[in-house]
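Have a look at this one.
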Amino acid sequence: MSIMEPTNISKETLKSMLEKNKRFDGRGSMDFRNVEIELNISNKAEGSARVRLGKTEVLAGIKLAPGNPYPDSLDKGNLMVSGDLTPLASPHFESGPPGFAAIELPRLLDRAIRESGMIDLKKLVIRAGEKVWTVFIDVYPINDDGNLLDVSLIACVVALKKTMIPNLKENDLPDYKTPSKTPLPISEETFPLSFSFFKFGNYLAMDPTREEEEMSDVRINFGISKWNGQYMINSSQKSGSSPFSRAELEKIAEILPQKFDEINERIKNYL
Amino acid sequence: MAMKRKDGRSLTDIRKMEAKVGVIPNADGSAMFKMGDTIAIAAVYGPKHLHPQHMQNPQTGILRCSYDLMSFSVNDRKKPGPSRRSQELSKVTQWALEPAIDLQDFPSTVVDVTIQIIQADAGTRTAGINAASLALAHAGIPMKNLVCSIAIGKLDKDIVVDLDKSEEDFEGGEGPTDFPLAKLANTDQYTLVQLDGKIQPDKVKEVLKLADDACAKIYEIQKNALKEIVEQ
Amino acid sequence: MDTNTEAHEAENQEDVQSEEPKKRRVVVPGEVIVSGEDFLPGEGTRREGNDVLASRYGLAEESGRVVKVLAITGAFIPRRNNVVIGRISQITSNGWVVSIDCASSAFIPIDESPRFINKSEMDQFLDVGDAVAAKIWSMGPRGIDLALKSRGLGKLDGGFLFRVIPNRVPRVIGREGSMINLIKEKTGCEITVGQNGWIWIKGKDIESQIKARKAIEMVTDKIYLSGLTDKMEAWFADN
């Protein structure tokens, strides 16, 4: 697979296409690629999903294990989000210590999920102050054709929606073998989604393919969900150095709720 | 007397297997291999440039393998990142695949093979090797043969083919034995030999015969996966 | 004859995949292709006793007594005279380093420029990030040397590049250029196809460029179908 960097002519042509609200694959600048979801891809996980967005594919798996609460949140369960950008998905991912992208991805996912309040961590206490459930969310990209963040969050959220809390044996050991009837305490209305926008010269577009990511100047993502009937932005990170103008940030904030509804509709069919 | 196993198989039946190539578009070659409930996915990138230079071999390209379990592939979550076990299995996988490939025409390059287990129900290293062998072929890497891998085991005194997890955990009688093997298809050359348990030396002949038969079946599954993408 | 057909006919590479796929047989490594002392093991095969076996996955082809296996997947394996498309990655004191997406590095010596240029002017001819169409002139242990002095080669202006699987390129070109010429005619685009899988498209407007790219991607997806040229004609009629 190629690791040739983008050429000057390709960048110029993309610019002229975005001016007419078009991209290489014929999409408009604010169009999302086709979403495909498959649930329960690992029967050893308490919840799991495979999500495809165009050719980008990510697996997410949820595991629950009893653990000690953090000293500053003795009345809450724990949440831990990890991601391994293994060399499966892209020639850019190498074995060894994680590069910045590998560190950033799980942190952004964690923020979007935690701040949305989707999981009621207070209901994950086994014995107050002593034992709580830790929810482990692990994300593995299988093919990187751009926008791993948005796809990964969909995979995490969809997997969480189907996650069951394991039964506990007397000695606080989880019983992974017998089926559980207790779903993870999650709010039905909250459905955190992430939207990544990339900037190219003076143009903005969403859901970049890998080649578009490589041609872009800078990216910004927003995590958005619903809370008490209202749209709430839960997280954001600008990645890269070029600045965004105030007008651009306002335009993005305006378009977020409508995109949230649109993608939510598409995903609902799978749940 | 043919003893039936928990899933209804005879002592010498392999589990239901499935194979598919081209599952990772970015990779030069890729494959998924399923043995019962064990699912492995493999990607091959290369031959490509190798950094750092001191690792290059001017006589030939080199093969680099990495095997690991996804954290949610097992009941007790596995912390992401390489463990001692995954490092050992990465190495024996490399040794299992190397005799099959020929990288003399690609000096100073590397072929990277990455194997990840999505769901683990015993036999993960064998599923990994089966997937990796397919991915290498799919990548057009010069290969003498495909590599087929199977684990032979024991349930008390009986030799069995392709243990699942419940059988691997069996404790009665002479206890469990795990004998993973891999060979170059259509030859008598074994490229992976490992053993864990208790087995009488005079049973080894029977084990190898059963491995031959099982690998012949695995070869057919691998061959079909490579052919079906062309003949559709 | 345009660049691609000319460059293509000049190559040693066989235009196998543009023929009806049914005449070829797909083989896996270690599979017996033919038996007999008379057969000559060609590229991608080896002899073991009486048999000629496949030494890689691909399409087995017999031409006369020679038996070959042609790759249908995998990374780009460079060959002399291949036309390739690359990106200038570095300017050195005596030429340009070019990325052409393979294990070896590629180089354009300074005297490949059409007129004499000073070392200080090199970036005016080819700058980092520029796209070029070049021909593989020689291959050695230190890398690949590229030539620009042929019709249709040189710096690519305007348009854009994208990548397909390198071994599908002969199908994109077609027998005597039939497929690529169909696409050019229907979209009005200039197209140069590199054997390394990189393709350059330049068109009068955005729609035609998007259409040309989509058509090429469809061809590389469906290379195993027979009568593909007719199917593409039909697709153009509908779109």
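A, B and C label the chains in the order they appear, each numbered from 1.
As a working rule, a residue touches a chain if its C-beta (ideal position, glycine included) is under 8 Å from a C-beta of that chain, and two chains touch if they have at least 3 such contacts.
Because the structure is predicted, anything quoted here is derived from the model rather than measured.
In contact with chain A and with chain B at once: which chains are those? Just list them.
C
Out of A-C and B-C, which chain pair has the most contact pairs?
B-C
As a quick test, compute the distance in whole Å between the mean CA positions of chain A and chain B.
Distance between chain centres: 32 Å.
Distance between chain B and chain C based on Cα centroids, please, to the nearest Å.
34
If I count partner chains per residue in chain B, which residues reach a count of at least 2?
Answer for chain B, listing residues that touch two or more other chains: 28, 48.
In chain C, which residues are in touch with two or more of the other chains?
none
Report the residues of chain A in contact with chain C in the complex, numbered from low to high.
2-10, 12-14, 16-17, 20, 22, 24-26, 211
Give every residue of chain C touching chain A within the complex, in rising order.
Interface residues on chain C, with respect to chain A: 86-87, 89, 99-101, 127, 129-131, 156-163, 197-198, 206, 209-210, 213-214.
Quick one: in the complex, what on chain B touches chain C?
Its residues touching chain C are 22, 28-29, 46-49, 58, 61, 100, 102, 106-109, 137-146, 184-186, 222-223, 226-227, 229-232.
Considering the complex alone, what residue numbers of chain A touch chain B?
Within the complex, chain A touches chain B at residues 1, 41-45, 48, 55, 57, 59, 61-63, 65, 82-84, 86-91, 95, 136, 138, 140, 142-145, 176-177.
Chain B touches which residues of chain C in the complex?
21, 26, 28-31, 44, 46, 55-59, 71-75, 102-105, 141, 167, 224
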